[in-house]
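Common to both upcoming complexes is chain A, partnered first by chain B, then by chain C.
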Partner chain A sequence: MRTSNGVFAVVATEISKKVLINNPSGFHMRPKAAFVEAASKFDSDVKLVWSGQAFNGKSMFELMLVAAPQGDEIELFVQGSDAPEAFEHLEKILAEVEPSQE
Partner chain B sequence: MRISDFVVRDAVVSSLQSTDKEGVIRELVSGLNHCGSIKDSDVEDIIRAVLKREMLGSTGIGEGIAIPHTKHTGVDKLLGSVGVSQTGVNFGSRDGAPVFVFVLIISPVDQPVVHLRALETVSRVLRDEKLVKSLREASTTGQLFDHLEQYVK
Partner chain C sequence: MDVYRGIPVYPGVVIGPALPLDTDGFLIPKRSVDPGLVENEIQRLKDALSKAAISVRKNQAEVSSKVGSQFAAILGAHAQMIEDPFLSNEIVTKISSNYFTAEYAVSQVLRQHIKEMEALPKGAMVSRTADLFDIEKQILGQLIDQKQQELGNLTSPVVILAHDLSPNETAKLNKQFVHAFATEAGGRTSHTSILAGAMEIPAVVGLGKFLQEITGGDIVIVDGDAGLLIVNPDEEILENYRKRQSQTISHDSSLEQLKSLPAVTKDGVQVRLMGNIEFPHEAVHCLEKGAEGIGLYRTEFLFMGKETIPSEEEQYQAYKKVLEDMGRDRPVVIRTLDLGGDKLATGTQSNERNPFLGLRSIRLCLRNIGLFKTQIRAILRASVHGNVHLLFPMISTVLELRQAKMILSEIKEDLQEENIPFQRDIPIGTMIEVPSAAILADCMAKEVSFFSIGTNDLVQYTLAADRSNEDVASLYNPGDPAVIKLIDLVAKAAGNANLAVSVCGEMSGDPIYTMLLLGLGIRQFSVAPHSIPEIKKIIRMITLPEAENVAREAMRLETARDVNNYLRGQIRKLIPDPMV
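And then the complex of A and B:
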C-alpha cells in the first residue's frame, strides 16, 4: 500500500526510487556490507531491485548477487514505520562515490 | 560466467594448514604462484593487497564462507583459487562464525565489471549448502575442483 498522508503513513509508508550507481567500482562488497549493516538497524523492510530481480536488503548473501557496475540503476524500496529515515540513509550509501581501494 | 572458468585447478587447496587469516591468504596466493599463474615477484605484494582489503572490513560474508580479493596489476585475466579448512578459521566474519570455505579472487585492475561478476558468481555457487558440504568433504584437490566444475545452476 502506497500512502503518504495522515496517520496511515506512520504504519504503511513505502518509499521507492531508482538510484544511480556512481562508484567506479560499481556496487561492490564494501558498500554492500555498509548497506546491510545500516539496513539491519531499521525495522522497515528493505528491498533492492536490479536486473529484474528483487533482493533482500538485509542479507549480505543476497546483495552479493547484485553485480551492478557504475552507471546502472538499482531501485530501492523501503517499507515500514521508520521508512523515511531508513530511505535517506540507505540511498546515500547506494549513491556514494568513494575512491576504489580494491 | 562459471566459477570453474577462473578458479585454477592446480592451485586449489583441499586441506588448508593455516589457522589464521594471513596464513590462509598466504597459502592460497602461494598455490597460484606454484602452478605458475602469478609471478614470484608479485606474491608478497598480492598478499599485502589482499590483507589490506581485509583491514577495510572482513570478506567473510557469513555461513562459514569468505571471499578475500584484490585487484592487481600482476594479473591480466581473472584468477581464483579455493581453499577448505577442516578446523575453521576466525576470519572476522560479520556473523562471528569461523570460516571453512575460502575463495580467493584476483582481478585485473581495469575490469570492474569482471570483478563484480566474479564475486556474484562465487556467492551464487556458495549459497548452495549441498555444494558447500561436498566441498568440505572433498579429500583431494581434484575432487574439490570436480564439484565446482560440475556445478550447474
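And then the complex of A and C:
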C-alpha cells in the first residue's frame, strides 16, 4: 500500500485472489455460514468483492447480499497478522464443491 | 395536540402516560423514545439479540437431532446473522441517532436489507428474503415479549395503545395499572371491545392509524364516552377532562348505592334488569352490579380465538359455571352460536360478498347441524344446574324457527334415550333482530315463549347501514322512527300473546332510550353489567304514565334527530346534569 507521497507504509500483508464458485447451488447459506464462522476466528480483516461491491467477510448479514451462482468469481481479500493462514483456509471454503442439499 | 376519533366501547375518561405496544406479525410503526431512554432501548435491543440467538441455536440443536445437521445449518446461519456485530451496530446507530424504538430500528434495518436483497439479480438462487423476515420475527418476538413482561410488572398507571390486542394479551393486562386502552383496529363487537367491557376500563377502538405519532410516556386522554383519543392535550383540554373525571367518580359512587334497590318505577311497575355476558367469569360481575339474571349469554365467544371447536364437554362446563354462579332461580338466557358477519371463529374466513346478509348465525348453524347439535346438547345437559332459557339468534322466517326447534326436540329425544337428565320444559325464545321477524312478530309469538329484541342488528338491517362504515354510520341510529315502530310492533305482538319481551342491544343500555322503551311496553332490559345501575336509576325516577307519554310523543316524530333531541330533553328534565 502506497501513501500519497509515495512512501511505503508499514502494513500487514494483504493477500487477494479471485476464486471461482464451484458449488452447483452457488455461494449459498451453508457455505456462507461456514465461511463467516471460519473468518471470525482470525484476527485479519476479511473482505469479499463480488459484482463490484465489497462485503465484510465476518458479517453473515452482509454476505446475505452476495448472490453468486456457480461459475461466478468472488475476489477474496485478507489483510492482517494471520493473513496467510486465514487466506488458505477461507479460499478452500469458498472454492469447495459441496453438493446442494437444499 | 392530536385528536383521533374512534368507536367508544367502555365509558369513562382516563388521563395517563401512553404505553404503546407493538403487535407480533404486524408492521411496526415508526416511533421514537425520549432521548433520555436511548440507553435503555439499546440495552433492550442487546438483550433481545442475545435471547433470539440462544433460542435459534436451541432450535438448531433440536432440528439437528431430529432430521440431521444439514437441515439445521440454515438455523445456524440465522443465529450468525442475529449475533452479527455489524447488524447490531447498524441498529444501535438508528436508535441513538434517530431516537427510534428498538422495535422500529430493528424493523427498519432489516427491511432495508430485504429491499437490497430483492434488488439482486434473480434466477440463480442463493439469498432468500424469507430468511431475513424470519430473523426480524425472532428479534421482534423477543422485544415484544419484553414489553409484555413489563405489562405484568407495571408499577404505575398507564394507558395501553396498540394496533389491536389479542385476547391473550388483554388477559395479561393488570387492571390495577392499566387504566384504559385504545386501538387502531377493532369494532364495537370485536374481541377487544368485549374484553374492555369485561375489564371495565375505558376504551376506544377503531381509531385508524395513530401509533406512529406516539412516543412512550406521552400524556394521552382516552375518552370512552365520546370515543376520542387525545395525544399530548393542551392545558385547557386537560383541565376540562380533569373536571369531568372528578364528576364521573362521584357519579359512580352514587350509582353504587343503587345496587341493592329494586328496579321499580315510582308507581310500582316492576322492571327486570339483566346482564349481557360473553365469558362465564362475567356472571359474578352481573351479580355485583345487581343483575336479576343473565339476559343474553353470547356463546360465540367460546368459539372465537380458538384453534379447534370447543367440545360438548368444554361447552357444558362453561354453561354450568354460569348457571352455578347465578344460582338456581335467576334466569340465564343462553343464545346459540351467532358466528359470522363480523364474528368469525379462528381459521374460518368468509369469502362472501356480503357477509352480514350471508351465511351467519342461525343460518350457519342450520347448515352445520353437527356444530349446532353439540351446542344444544351441552346447553340441555347444563340445564339441570339452573334456570336456563334457550334463545335462537337472527331468525328471519318462521320456517327457520321451526327447523331450529325441530333439532332441539331431536336432541331432547336422544338425551332421553341415553338417560341423561335435562330440563324438559326449557323456555325457547327467538331474537327479533331482522325486520322480517319484527313484522311477523305475531306469527313468531306462536312458536316461542319469549322474545329478545337485538337492537344492534335490528337497526343495521332496518336502515341498511353498517355503523363501522363511517360514510353511512350516521344513518345507523336506534332513535330512528322506523326502528321505534318495529319495537312497538314487537312489544304489542308480545303483549297480545302474553309473551315476555326484553331488549338486549346497546340501545337498552343507553339511558336516553330507557323511558321510551318502558313506555313502549318493555319490562325487561338486558344490558352490559356496568350499565345496570344507571338504567335502574332512571327507572326509579319515573312513573309508567310518564314513560308512556314520552313514547307517544316520540312516536309522533319523523326523524332520528328529532327523536334523539326530544329524548335528550326529557332526560335532562329528570337529571339536570346527566352523564349522557
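Here is the rule we use: the second predicted complex is superposed on the first by the 92 of 102 C-alpha atoms of A that agree within 3 Å, B and C clash if a C-alpha of one lies under 4 Å from a C-alpha of the other, contacts with A are read in each partner's own complex, and residues count from 1 in each chain.
To be clear about the criterion, a residue touches a chain if its C-beta (ideal position, glycine included) is under 8 Å from a C-beta of that chain, and two chains touch if they have at least 3 such contacts.
For clarity, every value in this text was computed on a predicted model and none was experimentally measured.
Trainee: Per the contact definition in the header, classify A:Ser25: touching chain B only (first), chain C only (second), both, or neither.
Mentor: Touch status of A:Ser25: both partners.
Trainee: Looking at A:Ala33 after the superposition, I want to know if it touches chain B, chain C, both of them or none. Which is it: first, second, both, neither?
Mentor: So A:Ala33 meets both chain B and chain C here.
Trainee: Look at A:Asn56 in the shared chain and tell me whether it touches chain B only, chain C only, both, or neither; answer first, second, both or neither.
Mentor: second
Trainee: With both complexes overlaid on chain A, does A:Met64 touch chain B (first), chain C (second), both or neither?
Mentor: both
Trainee: Touching chain B in one complex and chain C in the other: list those residues of chain A.
Mentor: Comparing the two interfaces on chain A, one with chain B and one with chain C, the shared residues are 25-30, 33, 36-37, 60-61, 64-70, 101.
Trainee: In the complex of these two chains, what residues of chain C are touching chain A?
Mentor: 70-71, 73-74, 76-77, 80-81, 84-87, 113, 116-117, 120-121, 123-127, 131-132
Trainee: Can you list the residues on chain B that touch chain A in the complex?
Mentor: 52-53, 56-57, 59, 61-63, 67, 69-71, 94, 112-113, 115-117, 119-120, 122-124, 127
Trainee: Under the touch definition given earlier, write down the residues of chain A that touch chain B in their complex.
Mentor: Result: residues 24-30, 33, 36-37, 60-61, 64-70, 100-102 of chain A touch chain B.
Trainee: In the complex of these two chains, what residues of chain A are touching chain C?
Mentor: Chain A reaches chain C through residues 25-30, 32-33, 36-37, 56, 58-62, 64-70, 101.
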